[in-house]
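There are structures below to look over.
Next, two complexes with subunit A in common: one pairs it with subunit B, the other with subunit C.
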Partner chain A sequence: MIPDEYLQTFVVECKELLEQMEEALLIVEQAEQDPEIINAIFRAAHTIKGSAGMFGLDPVVEFTHAAESVLDRVRSGEVAMTSVLAALFIEAHDHLKELIGHVAEGSHPAEATDNHGKTLIARLEAYLGETPAEQPGNSGSSDNSGEMPVIQTANVEREHSDAVVGTDLWHLSLRFGPEVFRNGMDPFSFVRCLASLGSIEELVTVIDAIPAAAQMDPESCYLGFEISFSSDADKLAIDSLFNFVRSDCFIRILPPRSKASEYQRLIQELPEQEMRLGEILVKCGTLTPEELDNILRLQSQHGDAPQRPIGEVLVEQQMVSSPVVEAALAKQQQVKDNKKSEASLIRVDAEKLDELINLVGELIIAGAGTNLIARRAGMAELMESTATLSRLVEDVRDSALALRMVQIGGTFNRFTRVVRDVSKELGKDIDLVISGGDTELDKTVVEKIGDPLTHLVRNSMDHGIEAAELRLARGKSAKGTLRLNAYHDAGSIVIEVSDDGGGLNKEKILNKAIERGLVAEGANLSDKEIYNLIFEAGFSTADAVSNLSGRGVGMDVVKRNIQALRGSVDLDSIEGQGSTIRIRLPLTLAIIDGFMVGVGNASYVIPLDMVVECVELNAWASDEGDGQYLNLRGEVLPYRRLRDHFVIDGDMVQRENVVVVRYGEHKAGLVVDKLMGEFQTVIKPLGKLFSSEKSIGGFTILGSGEVALIVDVPGLMGQIEHEREAGEVVPFTRSGVVMH
Partner chain B sequence: MNAIVQAAQALPAMDGSQGLEEQQQYLTFMLSGETYAISILRIKEIIQYGQLTEVPRMPDFIRGVINLRGAVVPVIDLSARFGKQPTAIGRRNCIIIIEVALGAETQSVGVMVDAVNAVMEIPASEIEPAPTFGTNIRADFIAGMGKINGKFVIILNIQHVLSMDDMAALATAGSAPSAELVQAG
Partner chain C sequence: MANVKNKKQQPGRIAITGELTIYTALELKDQLLTGLAEAEELELDLSEVGEIDAAGLQLLVMIKQQAAVSGKALSFTGHSPVVLDLLDLSGLAGFFGDPLLIVRKPL
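Showing the complex of A and B:
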């Protein structure tokens, strides 16, 4: 049995290939007839088939084979890649994805899936223009398109009219090179693979190459096979099975009804003795004894002919036409190129990476401890050495974190498909414009952002972008545009989903909110506050519930998911011109640069990204009664004492400091007792017990071993805002609306 | 609340059979003058009460968090959890670190007690089922009444006492009054 890890690699690779395939298909569907893209699709299908064959995954092989055959014809220009065909391939891609999914889970596909696959195969085969039962050798005449596969053309237009060997079977001569085992290949898997294309009628194992026991290297492969094979597959399909071993193996494939002279050449090329080979061929049932005699006679006539390069021979024989050879060469080149780029990448288990990050986290804590001791001991040399150490640890931290950074482009590109499907479903013509795809963010964040984004994109397409008629009536182009954009801003990543649709209707939202009891009647809300109401639970303004959205679950889930990532979401809209949803997320979840402050006896860490500056309270505070704001160079800065907010006992200190924090467009001051400076902070999760407390983002362990709390600035500001509202009129009947 | 009780009923089946029949060792400890016992199966270690960081805006029974060799562990004041006065800090205060099942994983939780007494053997025959009323703590917190030297001690169902769902719900509710408090001040 195949070890699980290989199967895992197979699944991962297949998924990547499928992604590439999907991407290419979507381009092709846009009527781009770039042969390179068609080739890319073909290669993906082909590689999947090849690897699936090695694992003996017959359903996958069978299905991919059908797709591949059609693709091959597209590639050779016999079938045009219409958008209808591209759509069919996208369906085929989805089915394949499902099959691979089952492989990954080790489950068996449901019957419905199987049937779906069969339907798809039938639909694909319709493009082949021939019934599978026909022999490739004579199918040329039945192909009314006039353009026939190159190989079959070769068969028909053969110049010499020498005797044709009367068998209906393919003949394959395989001699595996000595390196095959060392390259991790198993000759038998190819044989098994072959069986997926047809049935092996006879197989003779050629062991003539095995040397005497003394010289034999157990790691070398000395095996050869002569196989007589019945199949409806074309030559390329059979030939391509051996892509993995082509470089160091001798492989000859003779189609059914090949001429005697071809067999003669075959015999000439094979390393074994002529008579011995002849016997094998007879044993295989490929040749009758008379035919063999005939061939051997031919052989003796041409006996002195010098050996020519195999490629040349093949071309002359018209076994393969020169375009095929060129294609094969190009393919080999591509395989080599791919290998080059693979070499610079290492696939690493994400768990190992997490473990590394955890260890780096521990290292930082331990390092901070050592620093503290060094400073206490007052040894200059030790302090110097710990300073160097901290710098290195910081570098290690940065590169460890960088390991987990991935570009968001991959996630964005997936939406090409979503937009295509949804716009078809809705009957709208929508363009997706992606920008900022190279913006990097933490892998864990990327994984979790997919679902909320999907929801937002679907929502924008369903409710945002109007139907074509309405768009034209409003003086816009009939084609709607959806934009996905990402950029870095103040230690967070901002992801924007914007559309040029109708925008949000303030009145409608407000009325709905009042109706649903989310807002008290007569409440005075700003535009932004009204827009953000759509993120409340149980809110939906769509008059009709469509298949896609409008059930009123979703936007609140989106908001919750994003908040769970320590992020926030807000919305801008201009009625009639469209709306933009902005998601703001932290770059990383594990380690941050923190700014440590002291309040009473407790230490708090404020993420450094959020800190703008620190000022002394007394020097700046306004003396206007108990107003909690100060005049910061002409700017009004509201502030809040952490001591009050966190209900901390203890005496007030003489000189309080204000840490000015910024989150998005909002600025505020946090009044603390002591400023303790920068500090590398490993975030320890809050755990279930404390997760309800919005103002705290996590714990961290200080060098002294003490636990400090990390302030969640957006959460804290939301809380303060909320309390202020609770103290004034109560505009909302439920908690949960956080406004900045 | 109902859901918690239901979930809770499923657990003692496992805990009970193991705790009461095969394994009969219990740790006894003091809490405001009364003796309680818990099965030693879930106890990870006992540490001295030391440096503890308070977490603001939390109900009384969540005392704070400690650093247990690099892991942040919440500490529960058992006395406050039972609705009594919070434990006063004394010389003999201890934190019992207990592993609590949380879904498929386990989480360490510290329990603060006045003093730890001893590990005792209580045979199953010496354990009476919990009375439905008459005790001064919630009935679902009690796994049984153990007899030690002719006196009853309450054997706690620690999985219920430290139910994360239950405590988190209280913590959420607990942050509301403290918010009002802030408003006043």
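Showing the complex of A and C:
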């Protein structure tokens, strides 16, 4: 029985491979005939088959084998990768995903799934039938399924000699000198040593050098080996095995994927006849017959030159090694580099990361406490040391948070498939354009943004982008475009879903809203307000309800999901030209750089990313009378006294300050008593009791052990706006906030 | 010490016992060639070979080739485990073409 954790790893790896495969297939479906991409698909299938075999998952192996065989034909150019075949592979991919899903759950696939798999295998095998008889060394045959596949060069007609011979195996050519036995060594002991470094896939003992009985000295060694060898060891390790016999032996080691010209040279160097050697190499599985033909043909082209004196050949034999070795080393380095980048990734349990972040949070709070004590004690040295400490803690915090940051590209790329499927379903031709995929955000946010984003994408495709005829009638190209974009802005990440469709119809939305009683008749709403009505519960303007969207559930759910992440969503639209939905999310949910302010005896933290500037009230900005707006260097700035908002008692201070905050396109001023500076803030969530309080986003613990509330700027702005519209001020009642 | 078993020696049949290695290769070569020269059909019994190395293997190749050159029939029989092991490793079983009892070692 295989331990669960290995199976877990297998499932995770398979899922990743399947994702890569899907991505590649979608590219191929767009008629891109890039051999690299076909190779990528093949490798994914092959790896899945290999690991599934290790776990004895026969249905997966059987199915993948069928797919792999066809892919192999595609790679060798025998079968063309048409979009029909690509679509079949996408189906195969889906089936495989389902099978892996069953493996993950430990359940057995339903009979229908099995039958579907059989149909798919039959359809795949239909592609195999059209091609000529099985070739030796072709991994499509089942007898050598244990071996690494031999990759055929895509085009047999290729003329240049620097084609890479596509095997994943090392090739070793060994010819032992006559003195080997007398020096007390047995060639087979080297073979056995070699087996300890990897696995010998195929070994051919070369006995051609054994002379006729009369001339044969039974104590001289005449043997040689041609070995194909699979190993992760590096060249040095393999090479060093032969240290003892190097002086009187001929040893050539070709790393995996060496150039054809290197094999050509190898054949030249070896004492046996070319044809005989070629056969041996084919038998070893190092070369395919086609590759051999190519090499031999090249050989004969050079063979026109007059026979060179043996001395020159010998000199060359010494010389020759340098370019080959160099090339081999370069290859080696590349393999090593690849391995390095592989090795530099580790899978970490997300819970462990959370634990780390928690600890860092505690560290920050403890650090703040130490800071405070140092300042009170007034010891300059201690203060200096705590300053260094807090700088380091800050760095630790940043790197801990960076660990949880992932690029949004992975999420975006999933939509390639969604767009493909949905556009087929809708009969629309839609292109997906992705940008800003390298924008990073917290993993927990990424996980939760998938569903709302899917909804928005489907919605845009269904309602946004018009049918081709209508598009043409409107003078647009028949092909619709959907864009996904992401970028960082003021401590948030902005994700945009935009389409070049029909845009929103203001009239229609407004009428619907009035009909549903969401808006009073005759209300004067701005364009933006009208557009954002579609995020209200129970709202849908779609004339026809499709199974994609239009059932009136969705947009409000999207909005709620995003708000749960402390984010916001809004919509821009130009009728006839398209619309853009903008989701704004905080970068992280755990720790922020805060700006601490004092009001009365209480401290509040404002997220530093949102703070634009601080000015003194009355000196630089003044209230011109209505108690709602300030004149900030000629700019109209809505403002609010936190003292009023949170109903704080205590004496007014003489000089009040204004903290100007920005969120998205809105700016506002918050009037506070004291500016206390930057403060690293570990966000602790408030209890359910405060969930209706929009202007508070959480709380944090100060170094002194006191509690400071974190101002939720977007929430506060929303509340201010809401109250202004309602024309009444609902003050925050502070009676419940007592925490120790 | 390995040697050709001379007792109950019958024409057309040679049994090699003990070592078939570099240490015995020299004398074995002569004995094998003599044995081959004397008979039209030769059977080499390898059932009691306790040790074999590359030199021994090379010797077997030599005698097989010599038999082919002189148009005589030569067969190896009763391969002992060490012989089988080396034949398996060298991939030469096909070259000798003798029926072998394949014993898969437990992995």
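Following the convention adopted for this analysis, the second predicted complex is superposed on the first by the 508 of 740 C-alpha atoms of A that agree within 3 Å, B and C clash if a C-alpha of one lies under 4 Å from a C-alpha of the other, contacts with A are read in each partner's own complex, and residues count from 1 in each chain.
The criterion applied here is as follows: a contact is a pair of C-beta atoms (placed from the backbone, for glycine too) under 8 Å apart; a residue touches a chain by one contact, two chains touch by 3 or more.
Since this is a predicted model, take the numbers as computed values, not measurements.
**Q** Using the touch definition from the top, say if A:691 reaches subunit B (first), subunit C (second), both or neither.
**A** first
**Q** By the touch definition at the top of the document, which applies to A:385: first (subunit B), second (subunit C), both, or neither?
**A** neither
**Q** Applying the touch criterion given at the start, work out whether A:221 contacts subunit B, subunit C, both or neither, answering first, second, both or neither.
**A** Only subunit C is touched by A:221; subunit B is not.
**Q** Any idea whether subunit B or subunit C touches more of subunit A?
**A** Subunit A has more residues touched by B than by the other partner.
**Q** Is A:647 touching anything from subunit B or subunit C once the two structures are fitted on A? First, second, both or neither.
**A** Once the two structures are laid over each other on A, A:647 reaches subunit B alone.
**Q** Touch test for A:30: subunit B only (first), subunit C only (second), both, or neither?
**A** neither
**Q** Can you give me the overlap between the subunit B contact set and the subunit C contact set on subunit A?
**A** Correct list for subunit A: none, the interfaces share no residue.
**Q** Touching residues of subunit C toward subunit A in the complex: what are they?
**A** Residues of subunit C touching subunit A: 22, 25-26, 28-29, 33, 53-55, 57-59, 61-63, 65-66, 69, 86, 89-92, 95.
**Q** Report the residues of subunit A in contact with subunit B in the complex, numbered from low to high.
**A** Against subunit B, the touching part of subunit A is residues 362, 365, 602, 644-648, 684, 687-693, 695-696, 699, 701, 705-709, 719, 723, 726-727.
**Q** Enumerate the contact residues on subunit A facing subunit C in the complex.
**A** For this pair, the touching residues of subunit A are 181-182, 186-188, 191-192, 202-205, 207, 210, 212-213, 216, 218-219, 221-223.
**Q** Could you list, by residue number, the parts of subunit B that touch subunit A in their complex?
**A** Going by the criterion above, the answer is residues 51, 53-58, 62, 64-67, 70-72, 74, 102, 107, 164-165, 167-168, 171-172, 175, 178-179, 181-183, 185.
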